[in-house]
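Notes for the one structure printed next.
Chain nomenclature is as follows: A, B, C and D, assigned in order of appearance, with residue numbering initiated at 1 for each chain independently.
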């Protein structure tokens, strides 16, 4: 069942490898069928060379496997928590990509330093709270999802398709599994630029809100004029 | 019409991808036919895998599309402003290449620290003013061109084929679309070296004017003796 | 004799090259047959393009060549000392991979800054003492093994499959030659992240022991639930 | 004439490109036939895609072209000065490779921070004096050779096959054209490590002379035991 979704999720996972965001079996991408309430996700611990659409695991919204011979990603509970709370998203992606991860490790949000960032993310990339002892000991992956959702209490996940889990790494999302990977690729690029900016100057000063608005809004929303989908 | 120009501009755009200066549909290169007053430019939001010479858009000097089914690059107005003011240039290139962009994000010109820089750029790579509220709100892309032109009030664009737009990224140019890409590739290289120099020492001291003159002038102008075009 | 082991060790050595951890003839991987007390190791000074399973050298636990026409790696005595003292390991790997080596050169252990590190290494990557004059002058490679073993007086090599030899570079190990290379690849990744973290903040603060435990133990030991080998 | 030398020099030049040390037509490698007093060198301004053995230029020790249709490298006078003064060398290489060049731009010698460096270079990589006004104005390339030779007044070029020309970049050499490229590749690696070490700690402390001696001498000279050429 859901052959198209499984295929899309498989291809999105393979894009992680092609874009250099993962090594070995690291990282995972999922996609959701909102009507059926079923999520397709990478199997746990499988390397990308051995990944096929047939091996993509289908789980229901409680994490029970409904199709597939393999264990789903150990991060499945995090993905499900995001789908439950961010109602417009159709895909979720998790990596330990180098430059995004160092900001997570440094426990610093990524400041919006330029228009490359503003083209995709409407403000600083937020950082979760450091997880507490009891959140780690039990239901760790579910609690990872919960601290992300708490971080977005006052942030619109549709305008900010990325988060840094403190001491861990990024989760990203989008309208589809493929778009969640695009968010991850651009986040890695933006994170690299911000790290290198830190070499050039101690204090990192964000861009003005006008420039942020201009770049984000010329690509997103009803008045966007970038690309081919709208008349200019 | 202008098949050769469209083909050259298409190839120059593809060079951006091959040289690792762009991902997805980022960046754009244009070329001009000065006699006809027509500019060939990348269509907006089209990825490099799908770019063909047929898809290159032709616009007149007011930005009106004269041939092509797609919207031209959203940065077209910036390109046109450069062609109108820098009369010897035949190609313009815009990227968010990593290392050039971080200098733009840090709002710092790139100092001329060595002969690699001096071989191509006759002095520091200039930085534009930070754009003002009213310049961003309306005619943003045209105004981006205008702040670049203002930056060159006392600089010869033929000897300095690159600029950093503050908080944004580089624009480069040259005699042809292809040469504008070469300027972008070398700028990225020079920007990386200058960033890494900042790791080694706090204050960045430019090279002497003698060394700058020697290297720039042995490659450019009437007494140049590098390469095969002049007798040695 | 030991064709399978020689082939595995050859393939593991070639993985070093494919993963960008070595250039020219740098680095070496070995594997052991514990029953026979024989170690298969890369020949000295042979480039990876010319490496075949037939050229892998077999030595006994005293370093005497028991099969092969070539000299074994000049680091053979270090490998043997590790096999003698770390009884569960089946493969040893040595590289001068860029980022791991700079921590060795800086004479600093690599702090555990995030879960990427914790997934593989149970704490900071230890650094050996700086070798003394008499340890360098005579039996240098054997003494390199000895200072590594001394470093592990209070560390379990099964939970920490890597070490930095001061001013030199990393040695890694694992259950097989192939796994020793995986340790080297991940160490290089972790070392790069830690170096880049140093760009972002002066003091590097390790993650909490709860998070370290959670990530290391969900992948390793009897209660691990990552991957396909255990029921979830 | 000298077909073998021209072919070797052509292949050595192409190795520069394959190893990522050059872009466009940057860099140049030469080789010498000491008996005939003839040097084979890359033509000026020719890109690596268009380089063939037939295009390699032969010059005598005064720089006069004795075979070839093209202008020799504009750096030919520097190469010749090195051949005249460093009597054992058979090949010379010049690049603007990123990491070696930043040390030249920062006007700092590269300290010997680890055994990777010590395996190839017997001490710090020296830096020339900053060239004076009169040295730049006239006979610039010859004078570049002269300041290099002056730098080696108390250094043995056979034990130190590399130099950094202040504000410019590296020259390297070796027994053959191919070996001069190997020196350049390793220098770039060593320079990258030293730059990244500077991220980790402010002051860069060289390794002990014992460790330097051990590593340099186990690979070079009469008691070397690395590789296959000597019995162990």
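The rule is simple: a residue touches a chain if its C-beta (ideal position, glycine included) is under 8 Å from a C-beta of that chain, and two chains touch if they have at least 3 such contacts.
Since the structure is predicted, the reported quantities are computational estimates derived from the model, not experimental observations.
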Touching both subunit A and subunit C we find none
Given over half shared residue numbers means same and under half means different, the subunit B/subunit D interface is different
Farthest CA centroid from subunit C: chain B
Field rot_deg for pair subunit A/subunit B, CA superposition, rounded to the nearest 5 degrees, holds 90
CA centroids of subunit B and subunit D: separation to the nearest Å works out as 33
The distance between the C-alpha centres of subunit B and subunit C, rounded to whole Å, is 46
Multi-chain touching residues of subunit A, meaning two or more other chains, are 199
Inter-chain touches occur between A-B, A-C, B-D, C-D
Note: in the complex, subunit A contacts subunit C through residues 23-25, 43-46, 70-71, 74, 96, 98-99, 101-106, 108, 130-131, 133, 136-137, 140, 167-169, 195, 198-199
Listed in rising order, subunit C residues that touch subunit A in their complex are 113-116, 182, 185-186, 189, 192-193, 196-197, 199-201, 207-208, 210-211, 214, 218, 225-229, 231-232
